[in-house]
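This report refers to the structure that appears directly beneath it.
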């Protein structure tokens, strides 16, 4: 490789360094801010009237929205709003009581997780679902399961097709490790890595499957401000360079409102907003949901008088 | 274990041992060690790598042994190795059947279906005399061991046959377990929800693990009957044997090919050492009954020790010792203070 | 504030979960006798962790205080664990209430008194006292806790903790999953307990507006650190409290948005070079690199 | 028909033995989530200790007391040495630990008391009694009565006493119990001690019937299907399941046996348990504990 790896991030004081795509010379068209970049007309994923309850407790009630192809869709809401449950419904981990999920050209009452994976859906989990007994490289390689052509017998006898699989998958996995900056941890067992790194490995595993739709469940949780910035750059890179649509759940609303093209806000399992980040930030219903409504306020007296 | 260590061991195993070791070493130590290592490897594939606990290894060994015997008996001119493979495949079939419940029940509770296999196969082989060719005593001698005209029935011949079969199957297993199939097994073991979402077919992967594991136990059973005992009988392949194979992978190291061998070596050598120790120390005052109980207590305590102190078994201990040796050697060659501080 | 004066003091507390997740990065706070202190901040800010550090329950979730000091009524924590703390009067009501579903209401309350090994008569007297304060619990005393409403379970969880006659009560997100007027009722009870019995209370709460109306003092946590603190009156007056929730304070605000717009435009014009992510057949450009963990944190 | 009744009753009484051993399992599983494969060896240890003391001219009541204390001490010892270092490890590891434990207990009890078969005389007459031409042994009735008394005693302990509240609280939510200052290790050791006592009762009754010998510990293999069918967390489910397994096993042996060359008692309960698992994985009364794939 002739040019040294363009540094996506400096180490010490964070200096905004050129994103890969910026390195490319080319006409920079000026565009009035706020003008909608053209997303795919047909939504890559659509949820209609989704209701879900566990042992009588209603987690989601009549939630519906669409994710356009190529966009970053933020999913936010205070604690216990049902964000993770919704992601589990999208990815086939939960079966909703009512409603349908439109993905991969078909409507599903329940998404079959393996089917969804074969049609380009990949995801990460809120409390890291890595394969703890395996190394970083093996975890990312497992993301490549669907691209394996050789049968188990060919792998045992290391026949040509199995060898070709191994070489190709290893090369692609190394690229993902390189991008995530975890290349030199490739042989360490995942369970022993620091939290921020485990989050990246899980994202690496999802990216290894080269998804068209990436579902991220709190990818920034437990990270320092600098690590959050680095991860945000990466999500942006994946979306802009590959056109991968992203559904992003996150508590750090600052980053979500900044990254997302479209934001859905849940509160107690109900959709209370579905709009652009700017409008969601000013929406009184959203602010109340977060800051809490205080019915009993009798004038300005505060503190236990 | 690096490539060249394995090659040296194989060269030694095939080149030197057959001419040096005496009959006792072959039949009492080397052949049982290799056979139990293969059974341990089989169980490790299912329990260590795929995370499905099984207490039925001995049943699959018995199924393999009887199937091979019957194929050899009823198919004239069948090459010996073909009966090995057919024995393995029969055990594999039975393994899949008893693996089906893993669709509905997970990991630990699966011991019910593998225990069912253990009792059912044991019962069927004793009750239906067709399996043992209507032999009244139910104990049948193994067929002659000749491959390509070579008579391998002498202890050294049986050892070479066993070593050959075990070496080939171990190579295949380590290739498989380091490839995508191995990763799928471990994914299903570690987090099956995440495995499903990555596109791994959960049931198919579990059944494949059952099939391969039972194949290995089946072939181990054939070796056990043909090369070790010389007789085909379900008696020695009961629940106690399944426990023993489970102990081999706990002590040796779960999800480790090397661990299966270390565990088997430990399980085979310990009683032998205990006997000598007993003869030496108590000059034979310990009656055999108590010796067996002492062994039981020792095994039980070792299981607890390994589970609590070193959950990854001897394999982990060996690799730690190995690394220390390597670092010691490199230190001695260039003892510059800077490097030793790194 | 010298340690012996306060009920509870945390000094520069650093907490890490199972050796890897750093949840608290140097939290210092204190609760004076008879004071109601609120811990505010959005989810994941470290509120719950702070309470569990104080009540000694971190060990149950593989958490550990790796740095800093905690003391309860001047007694350092080295010698205290959850059991001795509870017996000594520091009791926590866990998030989500966590009543014992298969036990009846009365059995739940009695389970609160077990650690004190008090004679039957005292337990009976304490039970009566709780039933006076929570009339609804007396009505439902025979039914299993699993069938109670959210508000009733919250009262039961508080009542159960009161059976240990605590001097400092820790409440983790009492308002979660409760309808607004029920939240009101719960906070009224908390305020009465503080007024009538001088019970000091440290409560973690996302619902900032309600909490600030009932607390004397408050701390706002963000990312495992104390971002702001002061009397409830001061904090309620500041309107930037909202920012702690809606994340206006993140330093690199707006840069991401600008970068995204530009990247989108480049892609729209089809001039973006094959990025490192799409597998280039030949030796594509070396992939961009995220910093190593050591580098990224830069300390 | 009358023969059928006798077989049925014989099966039911054997089922009582299975449920008593299984109750020991359920108690430990409910309180600490540990599947105690060593319960069978505890039954053997208890019976062997008692009968060996009696054979050494120790008066019966003293032998019973000593054995009782030994079982209580064993329970506390097991919790301290085996369980505490393995707290919140995966169920498979805990199961293997109890497997190792069962080897230790079996080995020690046979080293201590020898491996011969001991006849155990509890001083209970064992002649056949006749109810409407159906013959039932008086011993079996006594065993059924003891089992009923044991279960009644346990349910009073669990529902009426403070200890019972602590046990059920720990079973429902261990962390919440910790927040109230309840000591989990103490509760676990009490539970192990109680199931030691249950093992003693089962050991004496079972030993008196078939003789005190190594095979007593194999009864654990019978208790496993009982647990699967009854559901791991319900004492009532365990008793009904024990009777079901005992009865169906004997009936199958008598009616199905000849067709299948006999000896099907070994695997029949397991096939029954598998059928239950596939149809109703939580068992008769248990709540969803058996993880579904």
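Labels for the chains are A, B, C and D, by order of writing; each one numbers its residues from 1.
What we mean here is this: a contact is a pair of C-beta atoms (placed from the backbone, for glycine too) under 8 Å apart; a residue touches a chain by one contact, two chains touch by 3 or more.
Predicted, not measured: the structure shown is a model, and the values here were computed from it.
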{"item": "Highest-count interface - the chain pair sharing the most C-beta contacts", "value": "A-C"}
{"item": "Centre distance in Å when subunit B and subunit C are each reduced to the mean of their C-alpha atoms", "value": "51"}
{"item": "Centre distance in Å when subunit B and subunit D are each reduced to the mean of their C-alpha atoms", "value": "33"}
{"item": "Rounded Å distance, subunit A centre to subunit C centre (Cα mean)", "value": "27"}
{"item": "Between subunit C and subunit D, centroid-to-centroid distance (C-alpha), Å", "value": "44"}
{"item": "Per-residue overlap in subunit A, given as positions that touch at least 2 other chains", "value": "none"}
{"item": "Chain contact topology (line, ring, star, complete or other)", "value": "ring"}
{"item": "Pairs of chains found to touch, sorted by chain label", "value": "A-B, A-C, B-D, C-D"}
{"item": "Interface residues, subunit C side, partner subunit A - complex", "value": "20-23, 36, 42-44, 173, 175-177, 180-181, 184, 187, 191, 194-195, 206-216, 223, 231-233, 236, 241-242, 245-257, 259-269, 271-273, 275-279, 283, 285-298"}
{"item": "Touching residues on subunit D, where the partner in the complex is subunit C", "value": "162, 165-166, 168-169, 171-183"}
{"item": "Touch list for subunit A against partner subunit C, complex", "value": "1, 3-14, 16, 19-24, 26-29, 31, 33, 37-38, 72, 78-80, 171-172, 175, 178-182, 184, 193-198, 200, 207, 218, 221-222, 224-234, 236-243, 251-255, 257-259, 268, 281, 287, 290-297, 301-304"}
{"item": "Of all residues in subunit C, those that touch subunit D in their complex", "value": "55, 57, 60-61, 82-87, 91-94, 98-103, 107, 110-112, 114-116, 160-161, 164"}
{"item": "Residue numbers on subunit B that touch subunit D, as the complex places them", "value": "51, 53, 101-109, 111-113, 115-116, 119-120, 122-123, 126-128, 192, 202-203, 206, 239, 243, 246, 250, 289-290, 293-297, 299-304, 307-308, 311"}
